[in-house]
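Look for chain A in each of the two complexes below; its partner is chain B in the first and chain C in the second.
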Partner chain A sequence: MSERSWPLFEVFVRAKRGLSHVHVGSLHAPDATMALRNARDLYTRRQEGVSLWVVRSDDITASSPGEKDSFFDPAADKVYRHPSFYDVPDDVEYL
Partner chain B sequence: MYGTEMVADQADDPVEPDVPLNASETADYSQALAGATAAGDRSQLAQASFDALIESDLRVEPRDEMPDAYRRTLVRQIAQHAHSEIIGMQPEGAWITRAPSLRRKAILIAKVQDEAGHGLYLYSAAETLGVDRAELLDQLHEGRQKYSSIFNYPTLTWADCGTIGWLVDGAAIMNQVPLCRCSYGPYARAMIRVCKEESFHQRQGFEILWTLTRGTDAQRAMAQDAVDRWWWPSLMMFGPHDTGEAAGGGGHTEQSMAWGIKRFSNDELRQRFVDTMVKQADRLGLTLPDADLRWNEQRGHWDFGAIDWADFRRVLSGDGPCNAERLAHRRGAHEKGAWVREAATAFAAKQARAGRQKEPAA
Partner chain C sequence: MSAYRTGGTAPTADQDSAAYLLGLADDAMVYAQRLGEWLTHAPQIEEDMALANISLDLLGQARALYPRVGELDGSRRGEDDYAMLRDERDWRNVALVEQPRGDFADEMARLLWFSAARVQVLVAGSGDPVLDGVMGKGAKEVSYHLDHAAQWVVRLGDGTDESHQRMQAALERVAPYVEELFDDDPASLAVAFEVRGPLPSETRQYAVAAVERVLTTAGLTLPGPGPWRARGGRQGVHSRPMGSLLAELQHIARSHPGASW
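Our next item is the complex of A and B:
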């Protein structure tokens, strides 16, 4: 592995306790330990995070944007999953 | 200050059942897509899907299909932007050892480190378009891709550090805030981070000049001299005129605006910059070096003198005071850092081997 082919890592930051990790960008590093150190210097110079994840980009399996419609279709026709689907009287509290 | 109002706090963003969960579920998008695909094969469908995103002012994401020209334009623009941040470390970096106090030195180091960070955010965004970071650096080192011409001017005195922060970063912010709404998602997100950090850069520059202009006569003269030298190059940072004889053709503004990459024309942004800076210069007690600068009641803007575009093209094409020095320094830094990269690679390989040996045999 030469330095030209250092793998790409995706970086995720938890901004504060109670929030999820959010993707912030990527960087190249020879291994995960260095990726974590570099991610700290690059993405949290101003206390933007309390926790960091780095993940090899190659290890991410993503849905294809090309099959967006067919892939997510099953969720489109089940409006009864949303509370607004139901007819209930207006004067019932806490429903 | 800049950019923060554009970042939605995820904690205050509950999912409403009646609101589309995903931008592509909106009626605008569906209608635009349906209209565009009345009779389409796959490539037409891809184009239609892209057009629909742009028409609905939605973001294009890395794995979406996009026209080759859109991809090429973005790669060129983001790479040039990244290169500018990296080369931009040099003019001020040259003053780290000579900063007038420990406070100024610490600030300057933090600022130059930010510029490196901005370059890396942008290379990261460029890579989502399928280009390799090492390849982009090669193109910079071989002079095949450009960086902002502003960094080909020298920093002669300490006041230049203040003026770069105030004028050059001020112009950069004016250019970059609209890019936070650029149609390409990763670029827009990188720019939000950049803009948040730039506002510290501009304020520290203003503070340096504010201090100098309240100092001795020699310090005031030093500040004025720096502003005299940087004012016109700062105006050139907005690029050639969009229309008229001076436009020169070959501009990308119109297409980039249609694609939602650019949101305002070069001349609009330049005018906004002049209007802002005239007031700030007045507050600093400094004179902007333009005899034609005067308030135009009718337009509601400041009129300003003609820009020397011949000089702009001369510096852009490589004949500026520092072009050769900047590139040579950049190449040297890359070459001198090779042993660090090699050591990191060797260490990672050693750690990986040690890790494998510790694992129990299957």
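Our next item is the complex of A and C:
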């Protein structure tokens, strides 16, 4: 019945200031405003967050599992892309 | 009977406060029970969760208030004594909250009015220093409940022809129970006088304005005065559904006195 009329939304929660929003799950809602409220009730009821994002699942363009090899494997042997070929000075603490 | 009206002597300030806070607590307790009935019956599991959250917020408000009532009325009763062991005539809630669960539009109409009135009461405070924190926290909670109801009333009122018609019909059904929220019973008169806070009748205009804003956005009409209106809850006179509500709420505690797990 209602599965048809209520679209799916993906929910992102920021746990605290300074951190990024992290995907926590999905839910149904009639629109984005109600999705935000449902997300508040489902995903932040134990003080998990200080900020919420919701986005229609339909609006996410995802990479296909079938393209995994051509998308991600070519990066595997390119170690020169990692910033690991120079020495970090001793007095630089937080790099 | 409650501690309010002990013999022929005038009630003390503490007894007035106790009677006033008992009304606040009983409204929350009884409505928490009714909202809990929505679990597995709401349009979506997300809405089950939303209504259960609101129910638990109100249950928490009742739990915080009852022990303080027990101190003020001198009975030293605890939360379980008030919730589980009182008979119908000792309850002080308004008739609105004890009415049986209707359809979803009925519930949103009830939640809208209940929250619009209660948020005014909680913001005003009780004059009781012990409860300032409880009232402040409750005001935030009930502001959210009001928003939840408003969101749905707007969607149903401004939705399809059928949802509009059913939301309007729900407002008409709830209307006779609204005015009781704003009645000045003896306890609220006394408390308002002692702490110079607002009377329920003085908060009415703000609650009505909040509801009217929602209804205007939703394209709905505020029902006018009807041929009858509910009264008597604050004196312990309840409507027929209250009996079965209490039976369901209390039967475990009364069948197994003092049991724990």
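As a convention for this text, the second predicted complex is superposed on the first by the 75 of 95 C-alpha atoms of A that agree within 3 Å, B and C clash if a C-alpha of one lies under 4 Å from a C-alpha of the other, contacts with A are read in each partner's own complex, and residues count from 1 in each chain.
In the analysis below, contacts are C-beta pairs under 8 Å (C-beta built on N, C-alpha and C of every residue); 3 or more make two chains touch, one makes a residue touch a chain.
Just so we're clear, the structure is a prediction, and the values are computed from it rather than from any experiment.
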item	value
When chain B and chain C are modelled together on chain A, clash or fit	clash
Chain B versus chain C as contact partner of A:G18, first or second or both or neither	first
Touched partner set for A:R37, first chain B, second chain C, both or neither	second
Contacts of A:V92 with chain B and chain C, given as first, second, both or neither	neither
Contacts of A:H28 with chain B and chain C, given as first, second, both or neither	both
First, second, both or neither for A:I60, with chain B first and chain C second	neither
Between chain B and chain C, more extensive residue contact with chain A	B
Chain B versus chain C as contact partner of A:H82, first or second or both or neither	first
Stretch in clash, chain B with chain C, out of 63-71, 99-107, 261-269 or 351-359	99-107
Chain B/chain C common contact set on chain A	2, 6, 27-31, 33-34, 41-42, 45
For the chain C and chain A complex, residues of the former touching the latter	43-47, 49-50, 53, 147-148, 151, 155
Complex interface listing, chain A residues touching chain C	2, 6, 27-31, 33-34, 37-38, 41-42, 45
Chain B partner contacts - residues on chain A that touch it in the complex	1-4, 6, 8, 18-20, 22, 24-31, 33-34, 41-42, 45-46, 62, 64-66, 68, 82-84
Parts of chain B lying in touch with chain A, wherever the complex brings them together	10-11, 17-18, 24, 61, 63-65, 110, 113-114, 117, 120-121, 124-125, 127-128, 133-134, 186, 189-190, 193, 197, 338, 341-342, 344-345, 347-349, 351-352
